[in-house]
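Structures for review follow.
Both complexes below contain subunit A, partnered by subunit B and then by subunit C.
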Partner chain A sequence: MKPRFSLDLARPSRRHWLGYLLLAPAVLLIGLIIIYPLIVSVDISFQNVNIARLDQPRRPFTTANYERLFASGDFWNASWVTLKLIVIVSLFCFVIGLATALLVNNKFKGRTFARLLVALPWAMPEVIAVVIFAWMFDSSFGLMNWVFIKLGFIDTTINWFSSPAAAFAVVCITMIWKGYPFVSIMMLAGLQSIPEDFYNAARVDGANAWQRLVNITIPSLMPVLGVTLVLVMLWVFRDFSIIYVMTGGGPLKATQSLSIMTYEQAFGFFKMGYASAIGVVTLIICVIASRLMIGRAPDNI
Partner chain B sequence: MLRRTLTVLATTAALALSTNVAFAQNKVLKFVSWQKDERGVGDWWASVIKAFEEAHPGVKIEWTKVERGAYADTMTTLFAGGNPPDIVHLASFEFQKFADNGWLEPLDPYIKDSKLDLINWAGQDTCVWNKQTVCTMMLYFGYFLAYNEDLLKKEGLSVPKTYAEFLEAAKKTTKDLNGDGIIDQYGTGHETRGGGGQYISEMMNYTLDAGGRWTDENGKVTINTPQMIEGLSRWKTIVKNNLTPRDMSAGEVRQLFADGKIALKMDGPWLWPIIQKGKAKDQIKTAMVPFNPPVGGSSNILAIPTDISKDNKKLVWDFIKIATSDPFQSTYATLGASPPPSPRADIKAAKAENPNFDLLVEATQAAAKAKVDRIPKGLEIQFNEFSKMVMEEAQRMIIQDLDPKAVAATMQQKAEALQQQ
Partner chain C sequence: MAGIHIERVTKSYGQLAVLKDFSLEVKDGEFVVFVGPSGCGKSTMLKILAGLEEASSGSIRIGGRDVTDLAPGDRDIAMVFQNYALYPHLTVRKNMGFGLKMRGTDSTEIDRRVTDAAKILGVEHLLDRRPKALSGGQRQRVALGRAIVREPQAFLMDEPLSNLDAKLRVHTRAEISALHKRLGVTTIYVTHDQIEAMTMADRIVIMRDGIIQQIADPDTMFRKPANLFVAGFIGSPGMNFLRATVTSNGANPAVRLFGHEVPLQASQSLAGRDVVVGLRPEHIVAGPGPVTFEVTPRLVESLGSEKYIYVDVPSENRAEVARSGGDERRTDTIIARLINPDERIADGRITLSFDPARLHLFDATTQASIE
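Now for the complex of A and B:
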């Protein structure tokens, strides 16, 4: 008796079906945990809703959240703070990360231990790192005030978390400390993939260390640099715990990034429609920035 | 002794609630709280749960701790997902959003049926939302003054009784003890970092004494009054002159005080257990705050969610009845070391155990009499935004050295805008 339905995956014309079948569970899962919440978030952003519930009727469509958002000084301030954080933290992460990668890529005694030290901040949980830095920069009993006074840099204590500029600086320092090991590890991996022949040939041609760095190392690292830059930028963009635990976005919103603003509106003020609008705008900015960087990366190789 | 008392209480509760046993077989009620591991009050909740379970064979309470910092998020997510805990425990400044969404069951029929007497129950007025009782108040407190007697004596100071005396004492006891340019000892201690709710509670020590209120009885914003401006000036004086350590959380400030690094501290009943574990335990004495009226307010509430079954609602009400019963209100005083909200609670045992208990009661009554609450009338729903706004404007006043009159005007304008949202 002939079967009513058969799926002959051995047939050359249907071989690709197996691939789709094997991918299907992963695609469904991604759809469920990423795409669906994203759709819900976009939907809520177009409703005037405080605390959102999925089992309640949909509120009328409105663009009020977006109108309010783009007219809000707080949003532009948070965007500016986020941009400053991205530029400063990414730049310092790259400089320190590349320098430490170059250092531990050399052969010297204790190299394994040095590599461990470089990677250590990356392994430390963010909240613990923040607590340590918060203690170091404590305004009344912190280590940094004591050190600066002893060294004669200041004659009175700095209220690190009561000064907008100082608080921003402390957040940047903590993020750089936490973020540079990732760059360092990626760069180290990139450095180890550069053939030694390139350097030997350059040496034969009389290139000095600086010329080898600029003409061989950096160009060879460009593919890794591009991807790392995007990942670091996205990390700074979405990082929440460092700022939230350290300053809560203050003082005077000096450290309020878009992610902190989203959280505050959603779970502090229970304005989930407005918070979703901030989240959607943040997502669009992230996608555009990532696309621009990834898109440009091949040209630089 | 305590175990025996609790057993007796449990048996009493079991007998009182035996009528409800029949329908409650093999059920699990979810109870989420941030107070689970807190010494004292956590033990009291455990005793209530034990009594409830003994009175309801087959019903278990699944008690889960959620940290205070993540509490509002967690509860919002649970409610929004249609899966609220059966026993709702919320802070008194956050339940309004839940009530306003219709997520809390009106309790008036339950109160009427069970003849629960909530007359003169401290802070219970706060639980009335849109003319319906949606919760029972579990704590109303008043601030008292704790002072380090040694530090005051060294400066030849007596216990301050007015703001002027307090300011003088705070100035004289704020010191750099070893001459390294860093202040090691502070006159007083306030949280100046963290949430807006605690920040405005700290400010209220000074604004209330100056005669100021955020809003009047009708909910009209009254921040630009001369009294409030005077209160803001006092706050600026204390913080700007570093008479309090800066950028510290409430917990850190309390610990510094308990360890003898702060001379004067105004706080609620929860300060006492912290003092007992501190290094300066023997030097710390207590008195009424040098301000009138003292800061006070409602603290936390119990409620029933609308989204659970009728049977579960009845069970949760039984739980609330046990927690609000006279015997358990009496043990609240001893275990929680705080004046219970019930006017009928027997607090003799608490007085015998805690030499400050009379003072705590006096402070609570003084605050209640003056109708002091951290949550301003007319701004309950917007409280989080309001307190954040006040904190930011006060910080701006201190950082940018602004005139308190101008700051009060800004706060007034922003608070009115919040009310109109």
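Now for the complex of A and C:
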């Protein structure tokens, strides 16, 4: 038998080589577009850089960016705004998403259309959604002022974008509107994977609709719920365009989240080292938060 | 515990009539099996009994109480599902206690009953596991356990054994029977497997296309099938069918089978009618007998203790009988089931015989049994 020099990937001992071979291009690509910039930005965050240029020599190592960051009121304000956004937007996205999913999971005429309607905001580009909401909340021609006055909630028009609380509320509403369909779609998929016999068994056992929701539907959705929650929170955490287009972070930094602050420092004040430091901190928070969430999700089903 | 009265229940899904005039009286403590080919409406009837489906018409009483329009939870019945429907997020203990908890039973009582049921079923050591960590057989027991802790008036079981492998199925079959003897609770059990029906039932309800074909105990079902469908469905292998025309041979009517005049113990009035003659494979014996014929088997299957002999049917005797789904039998062969045959097959020929008293007669057009 003559020796074979060709790479025999069919051998049991080498079977996993093919896997690595097929993965290689993707890994390279990820390395190029994610890992490399990440390393660069971590590197920059430890230098006193204004406009980062890769062809210039490294500046000396310094932790000044981080020291300044943790001492800055703006940073803590942005963190607080981000936290508030995450809690409020995620909460409402979940309540509305779950409710609409339960609704369109029922059998009724026009269900397909209703499902489409529920998913509609998800398909709309963020900037367009923001423009629509900015219009609706416009102080002089806005729909919302008119509705609220007609309903008698307010007696003079509110200038939504000059009051910090109102601007924050409008941003929240826009994000919820944009974000709940994702939860709804995920929940619907989860709902459809619950076997009908679970409900039949519970009905025979005498569970009413509320008991079935609490004891079967919600626990069965738990795995999907956990992942979805992480994804929604990360989306709120790093979403930039909605806030930027709507308020630009104002008024009085009331809607300045960490991502807005990063952008402002980097491309407004050209303090790229400082901006990178914010970015790195954001990244660390994201990683820790998602680890905690995913780790806590029950591993049943 | 209670009897169940089903009165003229029908069910249609739009145009499709799934149940047609289903009436049945189940006695207190009886074990009744609904059997029939897949799609004949067994599960539908069970769901109507459980209150999970609404009957199109008719009424149901459990223990004398009209439950036709009662919610499933108010009927005091427990159901075992084919895929067990155990909740993956709850432990076995919580799964078994679920029904009691939903009814607001206090927790010490739930605990006591769950432990008792677990003892009966031998799953005490599994109580703190999740269903995912159980084998098929164990899940099956837990599902039974969940039904018995409720101490309901009746059990409804929908093909509870069909997800088990063959060996476990035989074993669990016996266990369910034993459990029924022990608890004495009225049970309605659905299966498509006639062997399960024959071995477990006090009475069998055999169904086809939503119509009850016969209600009888297993022995009667086997000895006196009401029609060709029942005759072909019960027994394994199923009954052989031969077409013949009754002739009047002096005093006795007779039919021609395998070239022999076979006298029938039937009334003279049958003369001239087309009939289907049924003969069970186990009623054909090796060696000479009242009606003897020598054949060349088409095929011999040996199962050790018994042999299946496939025999060609003369063309005049070939019967076109639609059999139940799945059981595709050729019309040009019959099967003889010989238990421990001594008869050697010499030169490919074998002598077989049968007793005319064992023959079943069916009307060729109505398919009903002729007494």
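Methods note: the second predicted complex is superposed on the first by the 292 of 301 C-alpha atoms of A that agree within 3 Å, B and C clash if a C-alpha of one lies under 4 Å from a C-alpha of the other, contacts with A are read in each partner's own complex, and residues count from 1 in each chain.
Following the convention adopted for this analysis, contacts are C-beta pairs under 8 Å (C-beta built on N, C-alpha and C of every residue); 3 or more make two chains touch, one makes a residue touch a chain.
None of the values given here were measured: they were computed from a predicted structure.
*Asks:* Mind telling me which of the two, subunit B or subunit C, contacts the most residues of subunit A?
*Replies:* Subunit A has more residues touched by B than by the other partner.
*Asks:* Regarding the shared-chain residue A:A114, is it in contact with subunit B (first), subunit C (second), both, or neither?
*Replies:* Touch partners of A:A114: none, neither subunit B nor subunit C.
*Asks:* In the superposed arrangement, which partner chain does A:Q211 touch: subunit B (first), subunit C (second), both, or neither?
*Replies:* second
*Asks:* Per the contact definition in the header, classify A:S162: touching subunit B only (first), subunit C only (second), both, or neither.
*Replies:* Touch partner of A:S162: subunit B, not subunit C.
*Asks:* Determine, under the contact definition given at the top, whether A:N145 touches first (subunit B), second (subunit C), both, or neither.
*Replies:* Touch status of A:N145: first partner only.
*Asks:* Using the touch definition from the top, list the residues of subunit B that touch subunit A in their complex.
*Replies:* Residues 72-73, 76, 79-82, 97, 101, 180-183, 186, 192-195, 245-248, 384-385, 388, 391-392, 395-396, 398-399 of subunit B touch subunit A in their complex.
*Asks:* Could you list, by residue number, the parts of subunit A that touch subunit B in their complex?
*Replies:* 50-55, 138-141, 145-146, 149-150, 155-157, 159-164, 248, 250-253, 264, 267-270
*Asks:* Which subunit A residues qualify as touching subunit C in the complex?
*Replies:* 195, 197-198, 200-208, 211, 215-216, 219-220, 222, 298, 300-301
*Asks:* Please give the residue numbers of subunit C that touch subunit A in the complex, ascending.
*Replies:* Residues in contact with subunit A: 47, 50-52, 71-74, 77-79, 81-83, 85, 87-90, 98-99, 102-103, 130, 132, 146, 150.
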